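Quick heads-up: structures coming right below.
In what follows, chain A forms one complex with chain B and a second complex with chain C.
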Partner chain A sequence: MKAGKVKAQGEEGLRQSMSWLHTWAGLIFGWVLFAMFLTGSLAFFRPEITHWMQPEIQVKPAPAVQSVEVAQRYLAEHAPDAKRWFITPPSNREPLILLLYQAPKPKPGERGFVRVKLDPANGQAVTGRETRGGDFFYRFHFELETAFPWGRWLASIAGMFMLVAIISGIITHKKIFTDFFTFRPRKGGQRAWMDGHNVLSVLGLPFHLMITFSGLVLFMVMLMPAGIKAVYENPRQYTDDVFKSFKVTPPLNQPAPLIQIAPLVEQAQQQWQGRVGRVTVNNPGDAGATVTLTRASSDAVSYGVLAPWKRFDGVTGKLLEGQDTLGATASTAGTITGLHLGLFAEPLLRWFYFLVSLAGTGMVGTGLVLWIAKRRQKARPQDTREAFSLRLVDGLNAGTIAGVVFGVAAFFLANRLLPVDLPGRQLWESRAFFSAWALSLVYAFLFQHRKWQDLLAIAAAALALVPVVNALTTSRHLGVSLPEGDWVMAGFDLTCLASAVLFAWMSRKAARARRLPAKAPAKAPAQASIKAPAKASTKAAAAASPAQAAPNAAVYEPRGDTP
Partner chain B sequence: MMRYRMAVFSRALAAILGGYALASAAAACLAVWLPMGRADAVTTAQMLSFVVYACGVIWVFATRNAWRAWGGILVPTLLLGGLFLAGRAMGAA
Partner chain C sequence: MTLAAFCLAYAGFSALCLGMDRHYEDLFDRAMPRRHRVPLRVFGWIALALSLYASATVWGWSYGTVEWIGILSIAGLLLIWFLTFRPRAALTAGGVCALAAPLLAVW
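Showing the complex of A and B:
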C-alpha cells in the first residue's frame, strides 16, 4: 500500500500514480461493477429472457398496422377514460402488443399506470405467470434494486469510478499494444492474472470505454444539472425541448371520437420506410386528443432514445408537428446512448455485444482477483491488518463473483419452481436472486479455504439445473426446442449449460490448486496450475456464458488465508 | 502513515468533489457560450462535462503535490464559473 503516488516524477512517476489510481478506483466499486456488468450483459437479451420466463405464452407477431387496430379496439373498450395510451406494436423480438395506460383517477400515492399484453391474433389480454423476466436484470443494472433516485446515483457513481479506472489503466499500460500480445501463463501467479486481465480489457477496450461513458450520458440530466440550470429555469423545459415526442398535451374537456390510428401508422411507415415503434395517444375521446407516432428504436443506432416522430390531431388526423430527421447534436447524443442500449443490434451483433460485455465482466472479475494476487506475494506474515483486508477482499470476491452467478441461476430456478399462482410471485423470484448472493457471501466468510472451489461448484450446479428443471416443468425444453428450431428457448438453455461447464471446470482448477501445496510446499506447483485458469478467463469470454469471470483461487489459495 | 492517509484523503476530496465542481462549471460555461441552439448547447455541454470530470480526476492524482492538485481544479473552476456568469450577464443584457 505504501507503493504510493506521492513522489510522482517524470513519466515513471505518472505511470506509478496512475497505477495506484487504477487499483483503488477499480476496487472500491468493483463488486457493484461486477454485478452491473453481468446483469447489463443479460439485459441485452431482455425480451428473450422474459420469453423464456413465461413459457406458457406462445404468440406469433403481426404487422404494426393490424396490431395497432387490435390495440385501439381493446383500449377503447377497457380504458376509454384514460389520460394516455401507449401502444408498442410487436417486433421480431417481442411478438406481443404491449399496452400501457394511465388510469384517470389513480389511488392516492399511485401513478395509476396499467400494463397489458395483447395477443395480436385475437386481441385478447395474455397473462403468463407473474414474473419480472428480463426487466429484472435491466432494472437492476442501473437501479441496483434501490429506491429512486439513490440506486441510479449509486450506479452512476460506480460508473464514474469505472471511467477513471479505465483511463488510468490505459495510461499505466503505455505499451498497451505490445502488452496485448503478451500472455505468460507459464510464469504463473500474478503475471498470468495480469496478462489475462490485460487481454480482457484491451480486447474490448473501445466497448468498455463506450459503455461506461454512454452510461453516464444516459443519466446526465440527473447527474449534471448545472448545464441545464445555466440556461433553463427548470429541467422540465430542457427535457420538453429534447424529448418533444413525450410532450403532454392538455385536454379540451369536450368529448369527441378518436380517429382510427392504424391508417396513420401505415402512412408514417411508408414515408419513413421504417417501423413505428410506439404510439402515444394523449386524452383519447377528447376534442384535444393527439396521436404521436415514434419510429422504432431498432431502426437505427441513434434511435435508441431519440427517434423521429409525428404528432397528429386525434380527431381530424391532421399532421400537427414532427421531426423526420434529428439535428447533429441530437444524433450524436442519440448515437452514444443508442450504442449503450444496443437495441439496433441484429442477432449476430447482439451476441457480440453480449460476449464483449462478458469480457468486461471478466475484466472486473480478474481485476478484483489481481488485487489479491499482487498483495499476497508481498504480504508480511505479522501484519494483522493487512491479513484482515486480504481476507475481506477475498471473501467479497468469492461471494460476489460466484455469488451473483449463483443468484442469476437461482432467479431462473425460482421462476420454474415457485407455484404459478403464488401471490407476490415476482417478489419471490427477486428474493431468490438476493438470497443466493447473500448466502454465497456468508459462505465465503465462513469457509475461508474452501470458498472458491465450493461456490464455483454451487454456481455450476445451479446453472446446470436450469435446463433440467425447465425440462421437468415445461414442454419447451431442449428436446422440443432444438428440433423445432426455437432458438430463444434453446439458446437460453444451451447458454446455461455452457456456463455450467465453465464454472465446473473453474471449480476443479480451484480445488486442484488448493490441494497441491499440501504435497509440495514450494511455490512452483501452485504457480504451474495457474496457467490454465488464467487462459480460461480469456477463452471464457469468447464462450457464450453469462459467467466467465475466471474467478479462480488458484493464484493465492495455496498460500493459505493468513499471509 | 497518518500523513500519507491525509494526503490521499485530500486528493480524493479534490478529485471527487472538486472534480464535480469543475465539471459543473464547465457544463454551465459551455451551455451559455456554445454557439448552438439552447437545448443542443446544454446536451453538448453535459456530455463534455464528464470528459472534464475524468480529466480533472486524472490531474489530481497525476500531479506532483497537493497544492498543484487543488490549484489545478479550483483555478479552472473559478475561471469557467466566471465565464459562465459573464456570459449569462451578457445574455441577459
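Showing the complex of A and C:
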C-alpha cells in the first residue's frame, strides 16, 4: 500500500513538472513558432503563390523531353562557358522551365549563379515583375530572414522547443481519449481555451509530431555534425557521398560537343516509369562533361531530398553510374524529410497538409492565449509585476497572431500595388510584410483595450482587399478565373476571402467580449488592472487559421475572465 | 473511393464519439444503455480500419496511409465543429456517411 501511494505521488509530480515544461517551452518561442507554422503552411503552395504573384506570366507546361531540348538550345547559346547547368523541366504545378547556371567569372559582388525561367513553348526567357513569390514564405519558414546560418539555428532551436512542448503536452494531457471529442466553448475562459487547444493539438497530433521531428531531421547535418566529422575529412566529401547526383566532376579541359540530352531523358523516364525532375550538366562543352538525371521528387513519398539518379558521359552518352533504388537508410531519412516537404502530395492531400498545418498554427495561437487565460483567472489585482507580464504577453500575442496575418496580406497587396519597374521591388514586398507585423505590435502596446478587436479587423480588411486589388490591377481576377476554371488564381482569391470572413468574425467576437464585461462592472471589479485584454486575447488566438476558427469562436462567448 | 474513405472516417468517429457516456448524454439527454456501447465502439473501429483500407486501395499503402491520416484529422475536426454548434446535424451526417460509404465504394 505504501508503495502504491508513493508511486501515485511521483506520477503527479511528473505531470506537474511536465506541465511546467509545456507552459514555458511553448511560451518562449511561441511567437516565432506561430510565424513559422503559418509561413510553413503557405509554403506548401509555394509555386502556386509565385504563380499568383506574377500574373503576367501565363504559360502552359510541356513534356519533359521536349522541354529539355528547348532548355539545352537556350543554354548552348547563352551559357556555353558555364561550369554547371541545372535544368528543371515543367511539372503539373510549375509550367515554366527553370534554369540555373554557374557563370564562369561572376563580376565582383555578384552571385555566381544565374537563374532563368523559360517558356517551354517558344524557348524564350520569361520575365515577370520582380518578386520572391512563394519562396519568401518557404525561406522565412526556416531562415526567419536572418543571415546564414543564424536563422537556421534559431529556427532549429525553436523547433526543438516545439518538440519538447509537444511531448510534454502529451504527458500532461490527463484524458487524451476521454476528451478526444470534447469542446465546450460555453464553459468559457480557461476551460474553453484549454478544450480548443487540446482539440487542435490532439486531432492534428500525427501531423504536428511528424512535421516538428522531420523539420529537425532536415537540418541534422547542421545540428549533429559529429558523425560526419568523425568519418569524413571535410563536409564536401560527405555531400558528394550522400548526394551523389550533385557531385562535381572535374573537367578534362579539352573541348568536345555535348550530346543531345533529350533522348537520355526519354530513356530514363521509360525505365523508371516516372518523371525526370532535374537535369544537371557538369562542364558542358568539355570532354569531361557529364549529364546527371534525377527523378522527380513528386514521384514518391521518400524522394523529397534523395531520389534515384543516373549519370551519363556527356560526350558519348554512356551510362557511368546511378542508383535506381535507394538503400534502407536513405529511404528512411528520405521518407521522414519527404513527409515534411510534402512535394509528393496530390492536390487533395496538399489541401489536407495546408489545413492541418493551419490547425497547428491554431494550436500555437490558442496555447499562447491560454497562457494568459490561466493567469488572468488567478491574477491578484495589486500585483503590478504580474499585471506587467500579462500585459506584455497579451500585447505580443495580439501583435503577432493578428500581425503576421496582416503582414501576409500586406505582402500580397504590395505585390499588386508597387510599381512594376520599381528597383529592388522584391525587397519592398518583404518590407511590407515586416512593417505590417511591426506596426501591429506597436498598436497592440499602445491600445491595450481595443487591440484584439482592431488588429483582427485590420487583418480581415487587408485579406478582403487582396482579391479586390487583384481585380483592379490585373485581368485575372475572380470574374475571369472562375469561368475559365483557373483554379490557382481563383483558389488563391477565394482562400483570402474565406480567411477574411474568419478574421472578421473573430474580431466581432473580440468586440463583444470586450463590451460585455463593461456592461456589468460589478462582475469584474478586481480585474481593473487587467481589464479587457483577457477576453479579447482569447479570440485572437483563433484568428490564425481557418481550421482553428471554430474552436476559438465558441470560446469567447462566455467571456473568459469572470472569476 | 477517396470520398468513401472520408465518409468511413467520419462515420467511425461519430460512432466512437457516441460510444462515450458524455457525448451520448449530450446528444440524447439520457444515459447510455450498456448494450449500446460495445456495438458502437466496434462499428467505429471497423469503420476507421475500412477507411484506411479504402484509402490504400486508391493510393497504395505508403501514400494511402499519409492521406488517411489527413482524412482522419479533417474528419475529426469537422465532427467536433458539428458537435459543438450543430449537434443534431453531426448525428445525421454520421448516419448519412455510414450509408453513403458502401455506395461510394462500389460506385
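Side notes on the structure shown:
In this section, the second predicted complex is superposed on the first by the 507 of 563 C-alpha atoms of A that agree within 3 Å, B and C clash if a C-alpha of one lies under 4 Å from a C-alpha of the other, contacts with A are read in each partner's own complex, and residues count from 1 in each chain.
Going forward, contacts are C-beta pairs under 8 Å (C-beta built on N, C-alpha and C of every residue); 3 or more make two chains touch, one makes a residue touch a chain.
Note that the coordinates shown come from a computational prediction; the quantities given were computed from them, not determined experimentally.
Once the two complexes are laid over each other on the shared chain, residue contacts for A:Leu349 go to chain C alone; chain B is not touched.
Judged by the touch definition given at the top, the superposed model places A:Gln273 against neither chain B nor chain C.
In the superposed model, A:Ala359 lies in contact with chain C only, and not with chain B.
With both structures placed on the common chain, the touch criterion links A:Leu203 to chain C but leaves chain B unconnected. In the superposed pair of complexes, A:Thr384 makes contact with neither chain B nor chain C.
In the superposed three-chain model, the partner touching more residues of chain A is B, compared with the other of chain B and chain C. In the superposition on chain A, A:Gly327 makes contact with chain B only, while chain C stays out of contact range.
Legend: residue contacts after superposition of the two complexes on their common chain; A:Val301 is shown touching chain C, with no touch to chain B. Partner chain B is touched in their complex by these residues of chain A: 2, 4-6, 8-9, 13-14, 17-18, 20-21, 160, 163-164, 167-168, 171, 213, 216-217, 220-221, 224, 226-232, 238, 241-242, 327-330, 332-333, 336. Of all the residues in chain A, the ones that touch chain C in their complex are 178, 180-185, 199-200, 203-204, 206-207, 300-302, 335, 339, 344-345, 348-349, 352-353, 355-356, 359, 547, 550-551, 554.
Of all residues in chain B, those touching chain A in their complex are 4, 7-8, 23-25, 27-32, 36-47, 49-50, 53-54, 57-58, 61-64, 84, 88. On the chain C side of its complex with chain A, the touching residues are 2, 13, 16-17, 20, 22-23, 62-63, 66-67, 69-74, 76-77, 79-81, 83-85.
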